[in-house]
Amino acid sequence: MLKIGVFVCWCGSNIAATVDIDQVVAAAKLQPGVVMATGYQYMCSENGQSLMRKAVEEYKLDGVVICACSPRMHEATFRKNAQRVGLNPFMVEIANIREHCSWIHKDKEQGTIKAIALANAAIAKVSLNAPLISGESSVTKRALVIGGGIAGLQTALDIAEAGFEVDVVERQATIGGNMAKIDKTFPTLDCAACILTPKMVDAASHENIELITYSEVESVKGFVGSFKATIRKKARYVNEKTCTGCGLCMSKCPSKKSKNEFNLGLDNRTSIFIPFAQAIPNVAVIDPQSCIKLTRDKCGLCQSVCEVKAIDFTMQDEIIEREYGAIVVATGFKPIEVDAFDELGYTQNKDVITSLELERLMNAAGPTGGKLVKVSDGSHPTDITFIQCVGSRDCTSRGKEYCSKICCMYTCKHAMLIRDKYPDINVNVFYIDVRTPGKNYDEFYRRAVEDFGVNYIKGQVGKVYAEDGKLIVQGSDLITNEQIFIKSDMVVLASAIEPDPSAKKVASMLTASIDTNNFLTEAHAKLRPVESPTAGIFLSGVCQGPKDIPETVAQAGAAASKVIGLLVKNKLVTSPCIATTDELLCSGCSNCFNICPYGAIGYEDKLINDHGIRETRRIAVVNPALCQGCGACSVACPSGAMDLLGYTNKQIMAEVDAICKR
Amino acid sequence: MQGLEKKIKDRAIELLESGKVDGIIGWEKGQFIYDPTPAVFTKETGLDNFCYNNFCGANLSKYLVGKITSDKKYAVLLKPCDTYSMNQLITEHRVNRDNIYIIGVGCEGHLDVEKIKRNGISGITGVSVDGENVNVGTIYGESTIAKSDVLLGKCEVCRGNAHKISDELIGEELQTPEASDRFEMVNKLEAMTAEERFAFWKGELSRCIRCNACRNACPACTCRVCVFDNGRSGIDSKANASEFEEQMFHIIRAFHVSARCTDCGECSRVCPENIPLHLLNRKYVKDINEFYGEYQAGEEADQRNPLVNFGDKDIDPTVISDKEGN
Amino acid sequence: MQEVKEFKPNIVAFCCNWCSYAGADLAGSSRLSYPADVKIIRVPCSGRVNPMFILKAFEKGADGVIICGCHPGDCHYNTGNFYARRRMTLLYSMLDYMGIEKGRTRVEWVSAAEGAKFSNVMNKFCGDIKELGECVKLGDIRCKD
Amino acid sequence: MHNNNLKDEVIRISGASPIKCMKCGKCSATCPSFNDMEIAPHMFVDMVVKGRIEELMASNATAHCLSCFACVERCPRGVEPANIIEAIRVIKLRKSGSVQLTPAQIASVIDTEIPQQALVSAFRKFRK
């Protein structure tokens, strides 16, 4: 039996006024295992602490109970104190007789009875305590960023600047992501390329950053501090190291009919191509679906004109295996498909376009060289109508229930830019609400209305149809309570955004949780917004929820700082209050595995010696680096094979027992 | 039924002879026609004592749990309702599917010999089901009795003749009995007053002798060591120290199998005191269906059961605590 | 004349460390009183509360058991209270089904900021239990007659 | 004036959820009878939320709704305005005239040429 010491704090008169300390001390002495008990005025004072240390030495105590204030106040203090005198810190338990007793009960008799019960519960618990030792795990000082858009790049740059190596894995042939497609940014109207491309160059030239483009992460194993990732580098059929990006191959390629993804299919590209002028790496890639050589084994023109002999049709996918200490998800977003909104006629009329398509049409490097023309016939439009909330705030299967957050502002930006460049064009905007929280955002919106004459209509659009060479937008104006018909040359749909389809796969690979909309879930909505509940996984950008560029960059930096905070450590100390399996009892049923929010439970086929029977059994194994000690598994386990150290079944039952005893 | 027994037997011999399986888990003739017991048949034992008749109600899926670490391959005979348990065992990795050959056998409902005897029939030598009736041969002659009166409790609420998992089927054309509403008794209990319910359960549970038959027969109760035998659980007990322990045992037993219980009815079938234990399990099934949507454990393998799942708009326990009435 | 002794119920409260235990601390530091019959056991999460604990408490003579956790959606461990909510709903429903007073068991969601709520909840729960009186049924179901 | 019993009845009969409305006006934007309805579909939804059922019943707007269900189809929040309008109609019908036939009287006055569907729908609408 353990030798237990009990110390009852007066906390001045805070406790002593309503709890009879002497009675508590006397009652404690009667409990099994208690070899000494005493009261003291202020246990947390240096004198009180030294009293405890002396008693531990004098009575050779194995366990200590402090009856004092809430453990949330001073549990750490007393545990540290125990450690100073060589007692395992987890052999100290606190009975909360201040917040839970003396402060709320005015009747001294009642207060004393309760304090005794609480002390007894703590004594019962500590007598079942076992010394717990914190574990350690090592940290691989390298980070992986999944996604090379503005979020991923910013995170990578910040981590790299702190002196750690970062790999950025990008699925496309170039980094840059969605932001590279955007023309101007709100609310300042500076050009997106002018602020993004320098960052891309910085990332490419940074000694600590390796860009792994045209690649996808295939699997991730391990846990915080030591993840092992398998990355598939797709064959681009062009040697990245030798290609100079001269573009000669593109000019000779006879296969010119592939849709140009970068311009959202508004024009065509060749089979060998560089996605856009400022692409990084500035290296060509061959589209194996349309390349004549790769599909029909003919042609090969590009190979013959390439002066540096960079083209290699025999190139195979390459598998890269690397270890990382932390992983950042920055998989970004894509606009939803608006085909299902048949009343808006996106699939029927070429001049009904999405906002991202409009970005390309307005961009100087876009398919029209920045000249805004009707897609159908290249003529100059005189009336343009914008429709907001296409698919946002939509509970039906066609859309998304959430607000996409950025559409109000970019629609405003588009309207303003058009009115600025082509004052002859009438611009109407149908809106449900205009949401402009953000620095200088509402001012921006008001400028569009007041200075640029954009006509905002409160209402939604019922249908868009063609009549006499014009598009008729039939909508409601809720302010005048009219049904209105607006003749337009172009209709622009502010389509909702959704997480990139890859996010779901990435999340399940990382055992990071996602919500019903496939956005990754943060560890805490307010206090840990850039961390995933799974340790070592961080979130950057829109993969966590809709965001505009400034917010994305801010979150990217925050994610980076969390990564740096992790990588700077040499060892990770793991809490000893974690779940543990009794191998002899475990049936391997997976109940605990299914319930664990951290993916901390795995299974191993282990050779078990069960009272002489040796056999290989499927046993649950808790990874101490991932387990956070919530104990959900210990309840899911029917046999009690899974238990939570520090709060074992038996300990809690002993507390129940002590409290219920009359 | 006799034709089916022969068919199964022939196929079993074929499987053993060809070496496709090392053993067959089936039913062995007992002393009387109505007491067949589960048994493992091998090349050595032969199948002379094999039987499949209307008293083979036992669910054999659980017998594979003990074979999980064996490298031998076993064929198992499963009636349609037993296959739910098999799926559940596969989901929970309690059996090794690779070493199991599942023969789905047809079923026309199994009979409860106690119910037949209660009708004053004894000396039973044979039975045959004839549509809605059962002809019982006895040493005193033949008598006829309505099938619905003598079905096993679990067969009264039969879920049909579809095997949810199998490698081959024999006699699947047999028609399973018409099912009545399985929640009828649960509803009835719910409609009682709290005092009546309490009296009901007091009456039933006071007969419990803690023989653990319910636990041993249940195909969901497959823990290597039961929590009530686990010295570290804090509630382990050999003999009952207090009167409270039986009810705790039964509540926890039903709770631990809730959302995993396929409602196979074995607990009540094997209870020597005839305690309707399935009514506890079925209450959980009903609640789960009502609160979290229809769910049938073992409908398919690798389902995520409702207790290791959640919805953010689940009902709150206060709905129960604050429920009107008693 | 016999003196009627006031019934002092025995109430066990399981409080999750992150929200409700802190809420109880706040009730204390705000001096919001509730009956001394309530005794709190600290658990990391409401999802740690095993139905066995509740039955054990009743076995050992508790008259009421209440579980307090973070509000659904606010769990420190993300999902613990969601699982607790399902488990307790089913368990309570079962106790009710067996004819045991459903008012003896309760789940309340109390955040770290809701000291006042904690005190109100406990006052109310204690009142309910006092009305129900001593818990005999749970220990009584197997009385052989 | 604000009749909550009637409001509940409208909600019950229609099975719709007017409270889900986010006031985007898409129902009215899409309505082919907009100009004929003195109370437009979006106003129906709002007035039900506010319990102004009598006004809706007094209005002739219900007569102009074609029940084309374009509003139901396109409502992004699943409010189902057409079902609400239909519910008002049904309530109006049920309240119209206290002289109604008992089921037994119907057989004698029935025109056998009337399609079954019309009969069933009449039963549904006029039942008290």
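Order of writing sets the labels: A, B, C and D. Residues in every chain begin at 1.
Keep in mind that, in the parts below, a contact is a pair of C-beta atoms (placed from the backbone, for glycine too) under 8 Å apart; a residue touches a chain by one contact, two chains touch by 3 or more.
Since the model is a prediction, treat every value here as computed from it, not as a measurement.
Across the assembly, the mean Cα position most removed from that of chain C is the one of D. Ranked by how close its C-alpha mean sits to the mean of all protein C-alpha atoms, the top chain is A. Each chain gets one centre point, the mean of its Cα atoms, and the points for chain B and chain D are 52 Å apart.
Per-chain Cα centroids separate chain C from chain D by 49 Å. Between chain B and chain C the centroid-to-centroid distance comes to 36 Å (mean Cα coordinates, whole Å).
For chain B, residues that reach two or more other chains under the stated contact definition are 227, 233-235, 307-309.
The residues of chain C that reach two or more other chains are 51-52, 56, 79, 83, 87, listed in rising order.
Screening every pair of chains for touch gives A-B, A-C, A-D, B-C. By the touch rule above, chain C contacts chain B in their complex via residues 51-52, 55-56, 58-59, 72-73, 79, 82-83, 85-103, 105-108, 137-145. Chain B makes touch with chain A in their complex at residues 69, 91-94, 222-227, 230, 232-235, 256-257, 304-305, 307-309.
Taken in their complex, chain A has these residues touching chain C: 70-72, 96, 98-101, 103-107, 110-111, 113-114, 117-118, 121, 513, 521, 523-524, 533, 577, 595, 597, 628-632, 634-636, 644, 647, 649, 652-653, 655-657, 659-662. Interface of chain A with chain D (complex): residues 343, 389, 393-396, 398-399, 432, 458-463, 474-478, 481, 483.
Residues of chain A that touch chain B in their complex: 582, 584-591, 594-595, 603, 615-618, 636, 638-641, 643, 648-650, 652-654.
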